[in-house]
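Take this structure, written in structure tokens, and hold onto it; I'll ask about it next.
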């Protein structure tokens, strides 16, 4: 089994710089998470974007879609900021033979308490078990694209 | 969606007592992991056993099978010691309409670096995505029961 | 032995809110750190301020000084933001019979990798071992007030 | 400032091997702790022993004493198992001009919740602030050698 990981930024990869009290997207945590998860399957990580999800544009989504379409892999895990994750999921619909799972985190992976590792574990399982299609793995659920939104007031994903 | 979690002991729940340098199975870490994973689905945790997996008997497996068979739930995550996890998976085969995922950890959940959270994330995703059957979620893979073994020399699970 | 802990905010207590990508001072982590450090001495925690250290004013420093001066305790640990920690230390000079140690963190205590616990350990030791006076415990050093500055370019404290 | 760290084993460095459910002394965690503590002083780490403290012999203590006596350094932090830490402290008494602080952990440094980092922080501060002599830094206290014991029933250190 082979999984292609594509990172685009978002809270999962956020880091903190003390001097300016900024909080920016840092290097991807996915390698660290997979290492700690003791995974033994084949994979490659492609850092495609490096953005807060509110800054992800339609053009970015077209690039991501083209990348997945032209790639030989059949299973993809895309790490993405949470605010527009459902929009990006929608933009990836209809790619035959591809199982695509978007995930991310509501709390940065560098925190002691973070959902990042749990979410990536879900995404990895869904990418190998689910039928071709586009999914979002967040809050313990594997949602189908087009049937999920982020409830910002409650800071969690839910079915629509 | 509802998932029944059944805990049976194993490394995932191990704790350490200083005085006697012992390392024993402690209270289940599953609630803590699900809390950190920010899950929003309905679930209940049933602590059925409290054993190293080398001590799990055929009678224990029969009790576990009967529990799952008579329970109304359709999705189960069973935390279990790794050494005999494939044996217990085999003993749960053939329960119609039940999706059962066994998981655990090669390193205790209380460690800084542990595969526990990743594995439970995988199991939760597989329990809701996979067809009815029995699976083992370890080392980044969702294996079907009967086609997986623990390679003790390498300390990882692999297909057979 | 009794130590009075006074919290004033700063990076050590920072938390992260996803929706607005803000990073704000949260509830004090000192209780959690002392609990994890398995301390057995008597102590009380007083949350006096809740500020980034760049926002701490001379009036705040006067309030802190008055608090310590009028308090019966002889040993104090003050958690404080790093940018103006030396200024606050200077403002506490000359209180007879009081051992005052300021500390904080360059990385929030909620991070997996953080200097918070190490620094509070240093401060607790210095508060009980050092002669009356004002000290800063950061970067593995116990500096005397008036002989220390934060090197912002290197993001560390150094002697002057 | 220079500190010589001498590691001798004990719970602070314990690791866990799954196959045999053993719990053995692993490589020293001191480098990792000092790195996470962002220390900037000069130091060297000498791994002298690799033992549970119940196995430390009078001969081991004589070797440790000779090492410290003949070393140019004036400040020492010795990591040690907790059960016989007071005995080793006693054996190091009377070395003129040497400030020696023993510390360790009641919970392994590899655990999520551990007193290791707090304790090493205390020891580092005491080694630079305290007068020459032998001390034990545990449970938030800096005890003088000869006036401290481990209360095994309560699993903590206390004054005698």
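Letters A, B, C and D mark the chains in the order given here, with residues in each chain numbered from 1 onward.
By our rule, contacts are C-beta pairs under 8 Å (C-beta built on N, C-alpha and C of every residue); 3 or more make two chains touch, one makes a residue touch a chain.
All of these numbers come straight from a predicted model, not from anything done at the bench.
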Farthest-lying chain, centroid of Cα atoms versus that of chain A: D
Centre distance in Å when chain C and chain D are each reduced to the mean of their C-alpha atoms: 25
Cα-centroid distance, chain B relative to chain C, in whole angstrom: 43
Centroid distance [mean C-alpha coordinates] between chain D and chain B, Å: 38
Where chain B touches two or more other chains, by residue: 106-107, 112-113
Graph class of chain-chain contacts, one of line, ring, star, complete, other: ring
Complex contact set, residues of chain C against chain A: 11, 14, 16, 18-19, 21-23, 52, 82, 106-108, 110-113, 152, 155
Parts of chain B lying in touch with chain A, wherever the complex brings them together: 1, 33-34, 36-41, 106-107, 113-115, 117-126, 128-130, 137, 139-142, 156-158
